[in-house]
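In what follows, a single structure is set out as structure tokens and then discussed.
Chain nomenclature is as follows: A, B and C, assigned in order of appearance, with residue numbering initiated at 1 for each chain independently.
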Amino acid sequence: MPEARKIDKGAEQTIREMLQALLASGQVSAVLSLGRTGGDQGGVAYSLFTDPEAFGPEGAAQPFFPLMPANAGGLLSRLTFKGALTKPIAAVIRPCELRAFVELVKLNEARMDNVLLISSTCSGVYTFNVANNGGVKPRLPQYWKQVEQGELDADVRESCRSCIHFVPRVADITVALLGEGNLDTQCTLYLHTEKAAALVDGLEGFQGTPASGELETEAIQRSLGQRQAFRDEVFGQIEVGLQGLVHTFGRCISCRACKTVCPICYCQLCYFDSPKCERLPRFYEDELLKKGGLRVPADTIYFQIGRMAHMSASCVGCGMCMDVCPADIPVSTIFSKVGTAVQAVFDYVPGRDLEEPVPVQTFEQEELAQVAT
Amino acid sequence: MSDKGASLPAAQGLETALVGWLKETLQKEIVDALLVPVKVPADDSFAYLLVQNPAVLDRASPLPPVMPIQGGKVISRLTMGGNGNLRIAAVVRPCEARAAIELTKLKQAYLDNLLLITIDCPGVLPLSDYLADPAAGATRFAEAAAQGDRDPMRPVCQICDHFSLRQAPAADLHVGTLGCPEGTVVFVPGSPKGEKVLEEMGMALDAALDDWAGQVDELAQAQTERRQQAHAELGQTIAGADKLLGVFSTCINCHNCQRACPICYCRQCYFESAALKLPPENYMARAELKGALRFSPDTLLFHIGRATHMVLSCVSCGACEDACPMDIPVAQMFSLLADRSQQEMNYVAGESLADVLPLVDYQMDELHHMEQPYVEIYKQEVQDA
Amino acid sequence: MAEETFKPTIIGFLCNWCTYAAADSAGVSRMKMPSSVNIVRLMCTGRVDPLFVLTALLRGADGVLISGCWPGQCHYQKGNLHARRRAAVLQSIFETLEPDMGNRFRLTWVAASEAPRFVQVVKEFDKHITQAGPSPIAEEMFL
């Protein structure tokens, strides 16, 4: 493990036909994948597809479409929150969505049973701005050309261009995309689990030829270098200090959109929406007396740092928060920077390993001597 | 109440004059604090500040080019715990005052210690337009406001016909800017509380309001026509399941619209509650039924459901559309639904605290057209018996 | 003297069984120490929600101290180990975004029998915060 299989069909065609076959044969009952939503706007959304025709040549499914309308890890949690799936499904999701799913499984907010996880080496997705102005579809030829070259389109999100975890870890099957030439005529599948190998071997025309080589190719290493450099750059642009916080979150309107779309923020009623944060007149009067002026509603920075205290150990840097912010605050970059620092204290990378406990769920007798003086 | 107003010299423009006046109310201890929009330290937005320190008011902007947070929501957050000990003057746009009125009826705000001051509103810029270049946005807004040009403003501001006190008598005081002599604005009292404040400020109620009223009414008439036309056109583009699904085809279920809405006050929205969190078998069965299930599901349920919950109090403020990351014209749609449903109930949201919320009131003899099918069936049965 | 000497306001979250007992003991023995620490007694440092620290700092406290039993001696076995992890997360966030807040927050261990150590801790932290000066957050309106 992982075994590599070279298939003489294009990547998209391979996945479409595979999923169509899995659905038709009843080996999976549904597939979670992006798909067209109809309408002229060219919208895509995740859907649970049960009809094999959806993956036919004209079908609505769009498995590798470069847009992320929701974090699929969060969606899988929604699906399995009340109980594990009793019928098998397959899910085609990105590495960050996969990592979010793994975190949620560890946090008991999701169940992995009966989910076949298919992911890919990720070249990022476009911003909603691109989707709203001209749409993503016209960009597709350009996008895929760049994927083959191991490059990221300049209009791909900041969160993607600064992502250093774009190789999936806990997938059953990884489709090699980034830096792979001729993606419309051939592709390589990496089978990480026995479940994946058994499935692929049982499907007519998908066994492929065993291939040698690593998942982490030279192209991937190059992309990693570029993305790490960009990551350092955007992290460096965040204003540090009290005035930095005031400037950055001055535009924040406390809408909580970032929290709503965050896959990790799973609380049914967020602390910061609870009665504890519904300030009585006394609070405002006291603060007014002390300072002479106070923003209303209060607790903007409290919410931001508080949310970090609650979830930064598991932040996977998926970027949904930044996508939905009505005030154009680079939330994901900030939370990724903080998340990386917090995770480094525990040598932890969210979502890389199902067996690795989340830092806030456990502790050691002897550790972190530098914290207490 | 007097039918005259009080003139305020405004040689350097509305904002300077009004901020000066507000400082005076603090100084004279007519109020204990102000609630006004203030430019944020990074100069790229505006936030409501509860203020006692007059020095802060140098950066105050009573009529900013954008509305990042709806003022009604701000008033609600400030007063949801009840009436405090401070007398506060709040300067807000008419739609924000109307939202505050609705929230008061819904017991989410308390206005006893608040002096509500509104201004003739030229609209606001779309938030994303402004954020792209705040300095240019401020200039664009100022020019458009001066010329009464609503084209750069948000779509729902372009069709707003409740931009002044005359159509929404909810405020204690209103600052009229339309139809005023050059270099002045006029304070229009909206309540005895407001009138008293003018008296305490030593302002004589001797300014005739005819010109202001005339201009406002004329503009409101034009806006109402524009609104009706826009709604008629919009109605065509969304009527029917296909079209409606088309409009919401890019919706990502982020619920920003609900969060930005001043009327949506539920701590936990029904559409985010356990009621809609179902076992996987439910989702799989629904996917099986149609060949696919958009996930997360219930997009239309959320939007139409939210409409049924809040549309009777919707003040067409447009906060929802500003917040939508997918550029869906939610405010335009909801303003259409609001007009139609409020008309059905003979109700106008935010006009007056005296108007009772339609769903907490009922008459024995009303809305018979809703009963028709059943009455007809019953009538036949009775006749046959 | 033109300026009034700055007297810090420090919030101290002390665990009942160890540090609070030490503080009590120090008081009864009339040991002298600065009065800047406002004590909030909890049963265990494991009760300290990071939001307590954040609230205190954002509402203008000049310093926040958490103190409890030494690791291995927690009255409830492992509460202080949880506290240590939470403190590590919070400290990491502060260091990344606002180092001054990190500078005003400290976690220590003081056993019940260590009254002199408690005095030492308070003296040191008081001096540290005095040097840091009044918290700039106390004046900030756009929080």
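Going forward, a contact is a pair of C-beta atoms (placed from the backbone, for glycine too) under 8 Å apart; a residue touches a chain by one contact, two chains touch by 3 or more.
The structure presented is a predicted model; accordingly, all values stated were derived computationally and were not measured.
K.L.:
Taking each chain's centre as the mean of its CA atoms, which one is farthest from the centre of chain B?
P.N.:
Greatest centre separation from chain B goes to chain C.
K.L.:
Between A-C and B-C, which chain pair is linked by more C-beta pairs in contact?
P.N.:
A-C
K.L.:
I'd like the Å distance between the centres of chain A and chain C, where a centre is the mean of that chain's Cα atoms.
P.N.:
Once rounded, the distance between the two centres reads 38 Å.
K.L.:
Mind checking the centre-to-centre distance between chain B and chain C? Centres are C-alpha means, answer in whole Å.
P.N.:
46
K.L.:
Enumerate the residues of chain A that touch no fewer than two other chains.
P.N.:
Only 246, 250, 291-295, 298 qualify.
K.L.:
At least two partner chains per residue is the criterion; list those residues in chain B.
P.N.:
In chain B, 40-41, 47, 49, 56 touch at least two other chains.
K.L.:
Tell me, which residues of chain C touch at least two other chains?
P.N.:
141-142
K.L.:
Hey, which residues of chain C end up touching chain A in the complex?
P.N.:
It comes out as residues 50-51, 54-55, 58-60, 71-72, 78, 81-82, 84-93, 95-101, 106-109, 136-143.
K.L.:
Using the touch definition from the top, list the residues of chain C that touch chain B in their complex.
P.N.:
So the residues of chain C touching chain B come out as 141-142.
K.L.:
For the complex, which residues does chain B have touching chain C?
P.N.:
40-41, 47, 49, 56
K.L.:
Contact residues on chain B for chain A in the complex?
P.N.:
33, 35, 38, 40-42, 44-45, 47-53, 55-56, 68-69, 73-74, 77-86, 127-128, 131, 245-256, 259-260, 267-268, 272-274, 277-281, 283-284, 287-288, 291-296, 322-327
K.L.:
Give every residue of chain A touching chain B within the complex, in rising order.
P.N.:
Chain A residues touching chain B: 29-30, 32, 35, 37-43, 45-51, 53-54, 60, 69-70, 75, 78-87, 89, 128, 131-132, 243, 246-248, 250-251, 253-257, 260-261, 268-269, 273-275, 278-285, 288-289, 291-298, 323-328.
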